[in-house]
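The following pair of complexes shares a single chain, chain A, combined with chain B in the former and chain C in the latter.
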Partner chain A sequence: MSGIGTGYDLSATTYSPDGKIFQTEYAQKAVDNSSTVIGLRCKDGVVLACEKLVLSKLLVEGSNRRIHNVDRHVGVAVAGLAPDGRMVANRAWDEASSYKRVYGEPIPGHVLCERVGSYVHMFNLYWSLRPYGATLLLATYDKNGPALYAVDPSGSSLRYFGTAVGKGRQAAKNEIEKLKLAEMSCREAVVEAVKILHKVHDEDGKKFELEVSWICDESNKQHQRVPAELLADAERQAKAALEDSDMDD
Partner chain B sequence: MDISRGASHAEAAPSTGTTIVACTYKGGVVLGADGRVSIGNYIMNRASNKIAPLSDFIYLCRSGSAPDTQIISDNVKHYLDQMIAESGEEPTVEAAANLVRLINYNNKDHLVGAMLVVGWDKHGGGQVFGAPIGGTLAKEKWAIDGSGSTYIWGYCDSEFREDMTRAEAEQWVKEAVALAMTRDASSGGVIRLITLDGTGAHHTYVQGDQVPQFIDDMPFPGRDPVALPLPGAAPAPVPAAAEGGMVIG
Partner chain C sequence: MLPRPTSHSKALGPGVAGPELAVATSAVLDRPPQPGAHLPLSGAAPCAVDPAALGDPRQHTKYPYVTGTSVLAIKYKDGVLVGCDTLGAYGSTKRYKNTQRIVRVNSKCVVAAGGEISDFQYISNLLDELTTDDYRTDDGIELTPAEVYAYLCRVMYNRRNKFDPLWNSLVVAGVGPGSNGEGGSAFVGMVGMIGTHYTDSHVTTGFANQLARPLFRERQRDDMSEEEALQLMYDALKVCYYRDKCSINKFQIAKVTGEGGVSISEPFALDMRWDYKMFAQPTKWAVGAW
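Showing the complex of A and B:
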């Protein structure tokens, strides 16, 4: 990869002749090389699902958290450099907290996503800072209904019906496009999300864990982990679907 | 009048010794206020406007110190303008009320402002919030404040009904203010009414000689002392079963 941005990639305040900021692009690479994270917005809420590669047998199950709570009605899943993502998630928490203190009500999703986007973007403006190497998927449920946003290292924040980031994002997005999300409940979407993560997982023998959360009518519009039996059931269905397709091969 | 007596000196600052009234009805809210601003026995303004717009759909009824409440109103209007710019939506009544309350609370040593934050938003419909001195916030179906309000608690308690029509609610507010103006020396002059619903604000101005008068009132000059209009020319129908409330007449 050396030689791609030679000379124009040393600082976030230098443009390349073709109009790129290479530091931001490199930050994006950190996200692209991480394990897959998907978000699905269905008719009654939003589901976030992370594939977590287990790096060592010594790690306690459930450590290496990729999904964070930001106020009751907002959840955030991180792809890319985990500590970077945690910093941005903490900032989102600060924004939500101060908004509630001043205005007395929970921060609307589209306001929070713009504030997080502005914050991340700021790190693309100064020579003394490096861009965050993380993309955040925000799941929100406010007075205007459920919404899914993605904030990437450049600071751009976009609203999605469904999206995927990380290593398996191309394959995952192909699968997501086949789903009829507007007619799906979150319960069904959890199963689909787990199936997709199992399908796009790199088959190099590495063990992986799943971290899946939702915010929907069934969870009382609060962001939480999906119930354990639902997750177990979804994993069963995912493994069965994989075996079926294996047998077809 | 003997100037050396203490009485008039105690109220040297202009005071909105006032009557302010607001209530919700089926579809919106009605607010009303008198027009008198006095310094002791001198009426500085007999037709002042004690109702300030905070946004297109949210208004503030002011009582207490006139300058204090004007500053609070200006500040909150400014913050709401910024909120509209950031979110792209109309602010909720609760957000406006919380801003007023925070200013009252954080500056309680210096401010004397008892206000009603009244408005309409698309999620909650018509809402009334009381924001008295000290920094409490109370969401209510109806609220009254100001020096004149002490004389009309009985009227308001017994005559208020939930889900009144717009006409009934306007009549209730107008009568409440008029009754208070009869008994409170610091309230009088004119009545200003605003009805707020999904279509915006509708102003009514009741000039001095049109204010409802009651038995024993000194008739307004030029009015026939015999044919005093009795309160409520079109009285709200008394429901057959008032839930535990008093039924009069």
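Showing the complex of A and C:
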């Protein structure tokens, strides 16, 4: 890998001869090496699910939060460098609260997504700053309905029905494509998301935790972590499904 | 490191080049304005006054325009009750008959106000920002009524010191942390427009100070049952409606309990009688009457 960008990869303000900005690509690699995060937009809301590798037995369960509340109607899941993602989520919070103060209503999803995208993009323009090594999946539910956006380190932001980022994104995206999200409720999508995360998890015996959140009619259009019983039930179903498929193999 | 003049191009980024680097500066003193970085977003702003107006020796809030009248609050066995009518009066005119003067702050606390309705709307916005800050940190911790009360005390007092008071008498009521519904951690407090504040088992503002407080002193106990407390509240609201010119027969009662959280009732009316003989000739037996 060391020879690829030699000479053209030292700053975000240098193009390579084939038109790439290597710093941005390296930031993208930081995201691609992190644990998997998926987002699913269903007919009544959005579900975000993170696979968190337990780095040490000494960590309190539930620490190292990867999903943040940005406003009541917006939630953000972070893939990549966690502190970078936290900075961008804080910026999203600033944007949301200043919009509310000026216009009196909660920030619409597409406006917030564009503001976060512009902010992240700014860090690709200057020599003195490095791009953020984090992709944010934004789950919003405003008067236009539920929406899922992904903002990546280059600053581009796209709206998705379902997407995955991180190590297991290829396998996860294949699984997501099989789902009929437009007819699914968030309750069902939580189960599906947990199943997918269990399936694409690298089987190297490392323990992992799940952090799953939703924003849907059932949660009163507020972004929050899914109720504990639903999560436990989904994990049970996921483990059962894995065993079934193991037995089939 | 102090910035030194460089020959970099400005296109490289902010703070990298330019004439501002030629001056020896102190990075400590010449920071970009940080609006109270240690304060929540809604920290200093509510206590600040438009600086352009400070040069003017006139007061700003001289009179309230659209006002709410009394608010009553009592503790009882399971928690607290707050009652008030739904009138926004424009002087003597009973103009807005549908104002909700009780606002839910979080699942443990309500705030109700008499006085200028627009100032109360501003205060509700501040409380909403505080609560959304709590929601964002997402650690399961909410502001307790005592904390909301302390915050509002500071806001009211600081505004008063700048001669621009928020023209309200606020009542803060709720259940404190660790409460399982017993009256011991119920909280009821009042904050006035000049920053005067107190907490007690029962609290009233406006006309209710004269009309309802005697009833509360006689009948309120911290271990009242809910029926007794509701009956006391109805009687007090009735007295306030009978004797306060600027009130209407349309009330709301908010109940905050440890298990049930906050519930603000739909507006309701109470039975009133206007055929009391004493109402017909109220001064018949008064000294000096004929």
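Throughout what follows, the second predicted complex is superposed on the first by the 249 of 249 C-alpha atoms of A that agree within 3 Å, B and C clash if a C-alpha of one lies under 4 Å from a C-alpha of the other, contacts with A are read in each partner's own complex, and residues count from 1 in each chain.
Here, a contact is a pair of C-beta atoms (placed from the backbone, for glycine too) under 8 Å apart; a residue touches a chain by one contact, two chains touch by 3 or more.
Values in this document were obtained by computation on a predicted structure and should not be read as measured data.
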| item | value |
| --- | --- |
| Chain B versus chain C, judged by how many residues of chain A each one touches | C |
| Touched partner set for A:111, first chain B, second chain C, both or neither | first |
| First, second, both or neither for A:174, with chain B first and chain C second | neither |
| Chain B versus chain C as contact partner of A:143, first or second or both or neither | first |
| First (chain B), second (chain C), both or neither touched by A:102 | first |
| Chain B versus chain C as contact partner of A:126, first or second or both or neither | second |
| Overlap of the chain B and chain C footprints on chain A, listed as residue numbers | none |
| List of chain C residues in touch with chain A within their complex | 11-16, 41, 129, 132, 135-136, 138 |
| Interface residues, chain A side, partner chain C - complex | 13, 65, 68-72, 93, 97, 125-129, 224 |
| Residues of chain A that touch chain B when the two form their complex | 102-105, 108, 110-111, 114, 143 |
| Interface residues, chain B side, partner chain A - complex | 83, 86-89, 91-92, 94-95, 97-99, 101-102, 123, 137 |
